[in-house]
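Per-chain residue numbering starts at 1, and chain names A, B, C and D are given in the order in which the chains are listed.
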Amino acid sequence: MAARRRLEAKAKSAGEKLTSLEDAAARVRDGDVIAAGGCLYSRTPLALVREILRQRRQGLTLVRNLMCTEGELMMAAGAARRVVTAWMSIGLPWGVSKVMREHVESGTVVMEEWSHLALGLRFRAAAMGVPFVPALTMLGSDLVPVGGLQTVRDPYTGATLAAVPALFPDVAILHVHRADVFGNCQIDGYRHMDADIAAAAATVLVTAEEIVPEEEIRRHPDRTVVPGFVVDALVHVPFGSYPHECYGLYEADFDHFGEYAAAIDARGMRALADYLDRYVYGPPTWSDYLDLFGGERLARQARLARELTA
Amino acid sequence: MSASWTAAELLAVVGARQLRDDTTVFAGVGVPLLAAALAQQRHAPRLTMVIEGGIIGPRIRPGRLPISTNEMRAAHRATMLPGITDTFLFAQRGFLDYGFMGGAQIDRYGNINTSVLGGDYWRPKVRLPGTGGANDIISLCREVIILTVHERRRFVERVDFVTSPGWLDGDDGRRRAGLVFGGVSRVVTTLGIFGFDPETRRMRVEALHPGVTLDRVREHTGFELLEAPRIAETEPPTGDELAILRTLDPERRFLG
Amino acid sequence: MAARRRLEAKAKSAGEKLTSLEDAAARVRDGDVIAAGGCLYSRTPLALVREILRQRRQGLTLVRNLMCTEGELMMAAGAARRVVTAWMSIGLPWGVSKVMREHVESGTVVMEEWSHLALGLRFRAAAMGVPFVPALTMLGSDLVPVGGLQTVRDPYTGATLAAVPALFPDVAILHVHRADVFGNCQIDGYRHMDADIAAAAATVLVTAEEIVPEEEIRRHPDRTVVPGFVVDALVHVPFGSYPHECYGLYEADFDHFGEYAAAIDARGMRALADYLDRYVYGPPTWSDYLDLFGGERLARQARLARELTA
Amino acid sequence: MSASWTAAELLAVVGARQLRDDTTVFAGVGVPLLAAALAQQRHAPRLTMVIEGGIIGPRIRPGRLPISTNEMRAAHRATMLPGITDTFLFAQRGFLDYGFMGGAQIDRYGNINTSVLGGDYWRPKVRLPGTGGANDIISLCREVIILTVHERRRFVERVDFVTSPGWLDGDDGRRRAGLVFGGVSRVVTTLGIFGFDPETRRMRVEALHPGVTLDRVREHTGFELLEAPRIAETEPPTGDELAILRTLDPERRFLG
């Protein structure tokens, strides 16, 4: 219930939220529990992740249903001490994440595993403002003690159900297709868990591919998935998930994943230090970062996305 | 009292003044919605209206006031339409600062009855429409403000049926029932502004509207009213406030 | 859990669902619990309600969050023995429903009252496939014993919460904006509780303003709210909620409500018998029914809707 | 065995044959998705594919097979995109007839491990990617079919960690754990088709693929296999089945 008091104490404004990546990321404190929107390499808020790493945050817990390179970078940079997830690696062709293995097997990072639905329900319960929701998943497995899952008795039938505990992140970081300056956010295609994550968190930071006039939001209110009064900071960041994908706008850059994975296969964790220098600590701004990929590459990925969603 | 405003206008004006900027308000149709719209146009431009029909941030179109919380007039130029259940869940999560409500019957602890009058629940003498979202709004918003006409038949010692729990039996009765948040902070009526004793949670007079005497209030109240340490007099509606209201409801559908 | 067995036993087909109002309504049995979509006078599945009354079903329980004239007609026709709702009447200007008062005060119809959110959560719990969901509403009120609401203890904090019981209707009746022949349904504007009601019910009957090519659904999959495999019968019924509204397509016919209410004020329940003869039992088809209002009236209501949503 | 098909093709073909028409299947990427697409094009046109990324009814575009369940290739021409949590909730409600899964380690009771090998959970010898949706699919679908390469290191007496519960310790262990629905009905491997004894829930051979002997299966299995009353021989893949698969995956990204 402390989670609710925290929200009650906070201003829920319909005012402007537009700011810079630096200012938005500065709201993250060392030791915070951060929940990231999107899923695997889809709509990952990479511009915010990058800025959080540039600000050298420490001791973070990263919560995300399926983790990908953003998790590897946070582990390699020493920013994340714990991850709460259902799965972590890049994708089938690149095998099991070597970065995850290195950090979890050596004990420098703790990996708390929940089933995919259970993690989704942890956000859902928090978004609903209740301490738990009952479910029929995860029962009987060895995952039960990992996160300390309890059971609950249905007062009507007496049946035993899993009681999936609410998860209230300190900060939610999301990347969306469009928003107005007041933080009313719209997402195209699959929504993943973003809406629940936003309502579950105490502070909500959003990057948007496009900032649109208020009128465009009001013309299609049934497409809005996060209301402005939930959002604390909004930043305009085109290609804000790159090299991850954004539905309909650009496909994930699988070639880049390939090069990245090959470098790790060849040089292990040293390859990550180089990657962090080149892509995270080096380029001062997100557009400097995008220049490392080049306009042609971005245009190609945009074309591939249009082909798949046209 | 020969006022240059109607009782409904006074209710809307005083109601609007209760709302701070940078907040959210769960508002029903009629006077509550007019009060919220007035606040938004006057001193709270960053106020977000939330409506029971699953509607967030609408801009009410002057002359096209909604009759229900579930129609296009209530959703005009909304910013989000999350569905009814999820809209209430925003309140349960703690995103709704204020709840505006009315009520057929209200008692000294701010409990409200909109279900049944007389007889028992299953065979009532008079069956009323029911709670709608009132029970949820009073249970889940951070702070609830009741707007109502002040009549003796409405202000009773004890409601026949607690549809929407105010402070229940007073003291910490509400908390003991599991309602760990919120509560009724104010009752704004056509005669004055009422609050609740911080200890006993019994209703007390906090302000009287222009030209209204304490005796007149007692006459129209079916239970013993406490008095706040200092009883203020309500600032009369300004021409500006009245002008905005009359633009919103030119046909005076709700302004009387 | 019987509710789940019932679903498991049933075919979940991606095949065609298109049929007639008569055939769809014929799937309702006497004594069934029917949940109606929409809310108050918005997107009410009136064409299905009318056909159910024409087929003289008896002993039904009608579940709907906010009830309007459809509830009055089902009471007056003697079809509904019980209603489960949060509120019933037409709307402020027409006062407390005289039909409801007549039937509930005389005991011919039982009215089971839940808070608006609680009723929504009853559908939500059923749609989630769990026997209850915890909530912080309805506690302490005299509504608790009415529907037999139980409480549950949070196994993590020990807090007491309302345990809102799942409600699994035998039949869901919905009216939507568009669907393809396979029953993939899309709704514009406010969604009310339709998606949860569809997933909660054992049998799902849908009327749609428009039947569109599969391609149109697949072009905007993020607008689909009910998947085809959930739907059992689909009927093409333009103006299928009239005189109730359909977001963006036609506004509620308040003049008609006025005439209807005035007749009841003047002649009480006799006015309803006449109304049923004229609007329900008389006109053999829905288009015959619409002719009673006339094309001009429908066109006017469509224009008003466009003005409000343009 | 000099077959005119690869192990992956055989897996996909036999997997596809398990699916009836007018049903729904929760399918992961790779061979499971190919198997579902094959069934849809061949004998189950009214089959609905459901994908973990919150995707219902996609039409896989030949040559553009998805690498993950969370990308545009997996959502191509989908009929609905309900979000991930709500997609799993359709399974919990009972709308998902089949679940297709793989698995790093599987034991005699059909329990699956995709979490850790050796050591304890918090300091494992080998950390695997984790459950993803596997635990949910095996817990919530009406019937689960496991598709996997048949290797001795995968088919172990007891998995190091039960990520996804099959029949747990056998008998009614699964029900006792509160998993009142579903269960693993079949394990389709590169060598044969396996089921579970209705009483003890121990794995048993039900069919052998063309040219595969029982001894060869035993050689590649780390626990004692029971035998079904009658052990069938798998019908070889038809040219038609193989042609469809090869059109779907021309680059043989998953067909090997």
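General observations
Quick note on the criterion: contacts are C-beta pairs under 8 Å (C-beta built on N, C-alpha and C of every residue); 3 or more make two chains touch, one makes a residue touch a chain.
Just so we're clear, the structure is a prediction, and the values are computed from it rather than from any experiment.
Common neighbours of chain B and chain D, listed by label, are A, C. Remark: among chain pairs B-C and A-B, B-C carries the greater number of C-beta contacts. Rounded to whole angstrom units, the spacing between the C-alpha centres of chain A and chain C is 38. Chain D has its Cα centroid 29 Å from the Cα centroid of chain A.
Between chain A and chain B the centroid-to-centroid distance comes to 40 Å (mean Cα coordinates, whole Å). In chain C, 1, 128-130, 135-136, 151, 159, 161, 189-191, 221-222 are the positions where the chain touches two or more neighbouring chains simultaneously.
In chain B, 75, 81-82, 89, 92, 140, 180-181 are the positions where the chain touches two or more neighbouring chains simultaneously. Pairwise, the chains that make contact are A-B, A-C, A-D, B-C, C-D.
Against chain A, the residues of chain C that register as touching in their complex are 1, 128-136, 150-157, 159, 161, 163, 165, 187-191, 221-222. Taken together, the chain D residues at the contact with chain A in this complex read 29-30, 52-55, 61, 64, 67-73, 75-76, 81-85, 88-89, 92, 115, 121-136, 139-140, 161-165, 168, 173-174, 177-181. Chain contact summary for the complex, chain C toward chain B: residues 39-42, 65-66, 85-89, 91-93, 96-97, 100-101, 104-105, 107, 110-111, 113, 115-118, 120-121, 123-124, 135-143, 146, 151, 159-162, 189-193, 195-196, 245, 247-248, 251-252, 254, 305, 308-309.
Touching chain C in their complex are the following residues of chain D: 21-24, 45-48, 56-57, 59, 75, 77-82, 89-90, 92-95, 97, 142, 180-181. Contact residues on chain C toward chain D in their complex (touch as defined above): 1, 3-5, 7-8, 11-15, 126-130, 180, 182, 184, 199, 214, 217-218, 221-222, 224-225, 227-230.
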